[in-house]
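Once you scroll down, you'll see the structures, which are given as structure tokens.
In what comes next, chain A is part of two complexes: it sits with chain B in the first one and with chain C in the second one.
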Partner chain A sequence: MVLALFVYPLCYSLVTAFTDKAGAWTLGNFSRAFEFYGKDIGFTVVIILLSTALIGTAAIAIGGYLTLGESPLAVGVLRWIYRWPLFIPFVVAAQCMRTFLAKNGIMNNSLVTLGILTPEQTVGFLDWRGIVITFVWKQLPFVALLVAGAMAALDRTTIEAARNLGAGRLRILIEIVVPQVMPTLMVGLILSFVTMMSVLSVPIMVSGESPTMITVDMAFRINNYGDYGTANALGFISYALTGVAAWIYLKRGIAEGGRP
Partner chain B sequence: MTRLKFLLAGVALAMLTLAPGQGNAQKVTLNVITAGDQNMVDYVKDVLAPIFEKDHPNVTVKSVGTGPGDAGSQKIAEKLQAQKATSAWDVDVAVIHQKMAGDLVKEGMLAAYTKDVNTGKLSTSQTAKNALGQNVEGYVIPMFQSQTAIAYNPAMVQTPPKTFQDLEAWAKANPKKFGHNGIKGGMSGVAFVVGWIYANTPNADKLISGPYDQAIETAWAPAFASLKEFNKNVIITPGNAGTLDMLNRGEIAMGPVWVDMFYTWMGEGKLPPTMKLALIGPGMPGQPMYYVVPAKAANLDLAKKFIELATSPKMQAEGIVKRFNWYPGIDAQHVKSQLDEKTWNKLFVDVTPQDLATKGKPFPIKPYFDDIQQGYEKNVMN
Partner chain C sequence: MIQLKWLPRGIVLGLLIFAIFGPLANLALWAFAEQWYYPHKLPLTYGFRFWHQVFKPRGDAIESLYTSVTIALFTVAACLAIALPAGYALARLRLPFRAVIMLAFLLPQAFPSLAVYINIARLFYGMGMNGTITGVVLVHTVHGLVFAVWITTAAFAAIDRDLELAARSVGASALRAFMNVTLPLAAPGIMASAVFVFLESLDEFTGTFFVGVPDVITLPLLMFTASIAGNYQIAAITALILLVPSIAFMLFVERFLKADVMAKVGA
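And then the complex of A and B:
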């Protein structure tokens, strides 16, 4: 099953990436990929790293508040609400963001109605910022769920000890809690990284700006030119990028004594 | 196992019943195959078929879709080529795109049927005679003509541009008020880019009629350079729908759209009824789809009668114009008497039949078309 549905298509696409239309071996697909889409490849990496960093920071903040927060009501509300986007597919999230983030969209209209902005000051976010916002909104609950779970499972005595010695909550979070949940956080972030690399709907629906993400270029190559070679070369580049993420992850595991 | 056997027996029985010539010899199945969206398949099934079956009680119309785009036409062509050697093909009427129609005519796979059909002479447009460089006169009648145009918000644009040159000047004077979706977000943006090339290159006709000669592409460089400059003053929207969305919210004042999509959205209340269209010169691309009859269709005569119904002024008015907001496949003046004034005005006031005749251009032949898109990626986007 794995062979038929994963390994065979993977090998096939790798081979296609290195062959031209006549079937001869070539690197032409890659030179075309870099010539036309070099900028988009860089842009994809930047967008996804930025999203991953924001997700990590926000997940720590949410998890930290759930663990260390002192107002039971606020903790209860946050616990109840933060998981919602988890159940919404990317394509739905993208469609919502299209109307929410536009220049005259729901967000700006609300701000104008509340008197916070004037119509002249509004800015549309339907570009790379929209992609980052959608990714963070969608993937944050997933990572926060893992991180909050790990934090809740921590031995509370370390936290109490630090607190008795007079450490503030922020200091406890950064110096005591986060290092202990780091492996879980990394797993969550790497899985998010890989998921975001593969999303087509969000960049295609939210942002029309050039540069765009690799997935859009792959779809375009196939739909408009029927050019599977270059599309597969781009796919190969995106495997390579996720491969780097996986390598970092495995290396960490080995450094910690083979425990992934 | 027993269950599987039952299933197989059932399938065999079903095939026996469906096989032509079995049982009632009078019964005929007319196979109509459509490359296009599901709504076109439904149109044949729900609108045309019942009328045709009423007039021909022994006929059942079977409507099959092969999916949108050239890929859909490709499947129909492959089906025909596969049964080339047999004497009666199981496709009676096909609805296909321009590129494939040209190829099939060249290969001698289609019947020259339009002379035998009363409505054949009602369609005299350029696209009824020539499909992306291939002469198809006599073999095709357009089902509809879809067209791109510039949609604008009259509240924000007092004098709409008449040409691409006007538009260039307007966008410079009104930065970030024109929006198009580039080439990766749908065909309305692609059509805009093609229109730009037509407007800014010396031999645009050659791109449409061929033959392919890569040497003339050097003349495109200034057109791409000016488009790159133009793009600095415009907004790139997320897709065909994105342009319409932004027009609706007043974020942009103008943008290229498909005319049928524009009116459909307006009909659904997703665009204000005050919005208008302008087909700017020297022209913007559009494309027809054709009714064709395969050379060895099993039911040649019925196929001709079916197309005669489908291209009759009445059906063109009610089906194509009113239901889909497409321009009719036959010449507009024949359809006019069948339409109420409101529908006619809606479709032909902003873009007149003359505009359509002079400024409605076909897309370029395939190799030029690919090169224009690649050129845009290389010279404008990078």
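And then the complex of A and C:
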């Protein structure tokens, strides 16, 4: 069933990306894709890499505080709040952000009310920053949950030993805890990377302007022109980007003794 | 002294709470706002006018909710029909290529799915399956299978094999041992996978967007259309309907997924 409904369409998309309308092999779809959407491809890469980096950093920070934090109250509060967006669908997250981050949205209004900003200083965040914020907001709980779980399962004796030798908490986190949870962190980040690569609703709803992400371009190409060649060429580029991410991950795993 | 020590922590936690709950609170405000325009910081009047509009009998939302739930239930049924035997086999039998089979179910998650959906939509179009419930259910099933199979496999693997053998040794048939011993013990894990698949299907947007057009309008699609058209109240109310099951599951997930099952997921 997975074969029929996934692998077959996948191969079909690969073939379509390399053929023209008459069925001959061509790279025309790719030249068209780069010509029209080259900027969007770069934009997509930057947005997703930035989001992934932010998610990774924040997930380590949250997991680290949950593991090493000394105040039970603060740890409890954090543990309870960080997971809320976990299962919230992307469409809903996008709708929340669409009104929250707008120039006159709640975020700016709150800052103005608190006296941090004046009404003249407010700017809307509904562009690439909005997309990054939405992605981080939605995907962080997932990665943080995995990382915190892996950290909780660590052998505490090494942590205690380092602490007895006088290492600070930040140093313990970076030098002892993070290297041990690296595999889990990478799996979480790659799954997030792939998910973000195929989200259509967030870029449409949060940022209506150009440049946009290639998912929007693919949908546009099909709904407005019925141009499956170019759309599939863009699709192929999205597979390739994911493939590069997975390849880096696997290579790292092999370098560390063949355990991905 | 104690207050001073708490200040940075309090500020960071406060910011985090604002960042997480701000957008949600905003959504709730929009759902009950009847009039809200610049430069007012909060809605001018609150009320249920838009709720009546959304929930009026034979309204779009009720119909979409019905479509969404129907699709989700069929998806769960299809996933479990595959995942129960597959999960049991993967957990108990020594299968050749076990790792390959497990990975095959992960495939739909490992590739950016949008590019695949457009081709599924094109193939379905040729078969006359575009815009049908069946088509959407098939797409959701492929997407949900990985959770269903991985979680049920873990649930079966976490059961002590001796319990089954004990049942067999006091004379129960293989089927009876499975129905009376294994299945009830694995039930929480299976429930978790069912709820997971249900939610995935309920919230799925991209696949439905391409395969479901023009006839199948699920709640996320309705919300999207309302939001693009600028009907923020309608969009917010629909979003709230979608939020309730997601948040409920987030709060109860640990009750369903015990740590011993969780540790075996994907193994």
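Criterion: the second predicted complex is superposed on the first by the 260 of 260 C-alpha atoms of A that agree within 3 Å, B and C clash if a C-alpha of one lies under 4 Å from a C-alpha of the other, contacts with A are read in each partner's own complex, and residues count from 1 in each chain.
Everything that follows uses one rule, which is that a residue touches a chain if its C-beta (ideal position, glycine included) is under 8 Å from a C-beta of that chain, and two chains touch if they have at least 3 such contacts.
Remember, it's a predicted structure, so these values are computed and weren't measured experimentally.
In the superposed pair of complexes, A:168 makes contact with neither chain B nor chain C. In the overlay built on the shared chain, the residue A:205 is in contact with chain B and with chain C. When the two structures are aligned on the shared chain, A:179 is found in touch with neither chain B nor chain C. Looking at the shared chain after the overlay, A:84 reaches chain C, while chain B stays out of its contact range.
Between chain B and chain C, it is C that contacts the larger number of residues in chain A. Contacts of A:242 after superposition: chain C is touched, whereas chain B is not reached. Once chain A of one complex is fitted onto chain A of the other, the partner contacts of A:16 are limited to chain C, with no touch recorded for chain B. Shared-chain residue A:76: touches no atom of chain B or chain C. Legend: residue contacts after superposition of the two complexes on their common chain; A:42 is shown touching neither chain B nor chain C.
Shared contact residues of chain A, touching chain B in one structure and chain C in the other: 98-99, 104-105, 204-205.
Taken in their complex, chain A has these residues touching chain C: 1-3, 5-10, 12-13, 16, 71, 74, 77-78, 81-100, 104-107, 109-110, 112-113, 119, 137, 149, 191, 194-195, 197-201, 204-205, 215, 218-219, 222, 228, 231-232, 234-236, 238-239, 242, 246.
The part of chain C that touches chain A in the complex is made up of residues 9, 13, 16-27, 29-30, 38-39, 41, 82, 104-105, 107-116, 118-120, 122-123, 138-139, 141-142, 145, 199, 202-206, 209-210, 220, 223-224, 227-228, 232, 235-236, 239, 242-243, 246-247, 249-250, 262.
Across the complex, chain A is touched by residues 181-185, 190, 235-239, 242, 245-246, 249-251, 370, 373-374, 377-378, 381-382 of chain B.
By the touch criterion stated above, chain A contacts chain B in their complex at residues 35-36, 39, 98-99, 102-105, 124, 126, 204-212, 216-217, 220, 224-225.
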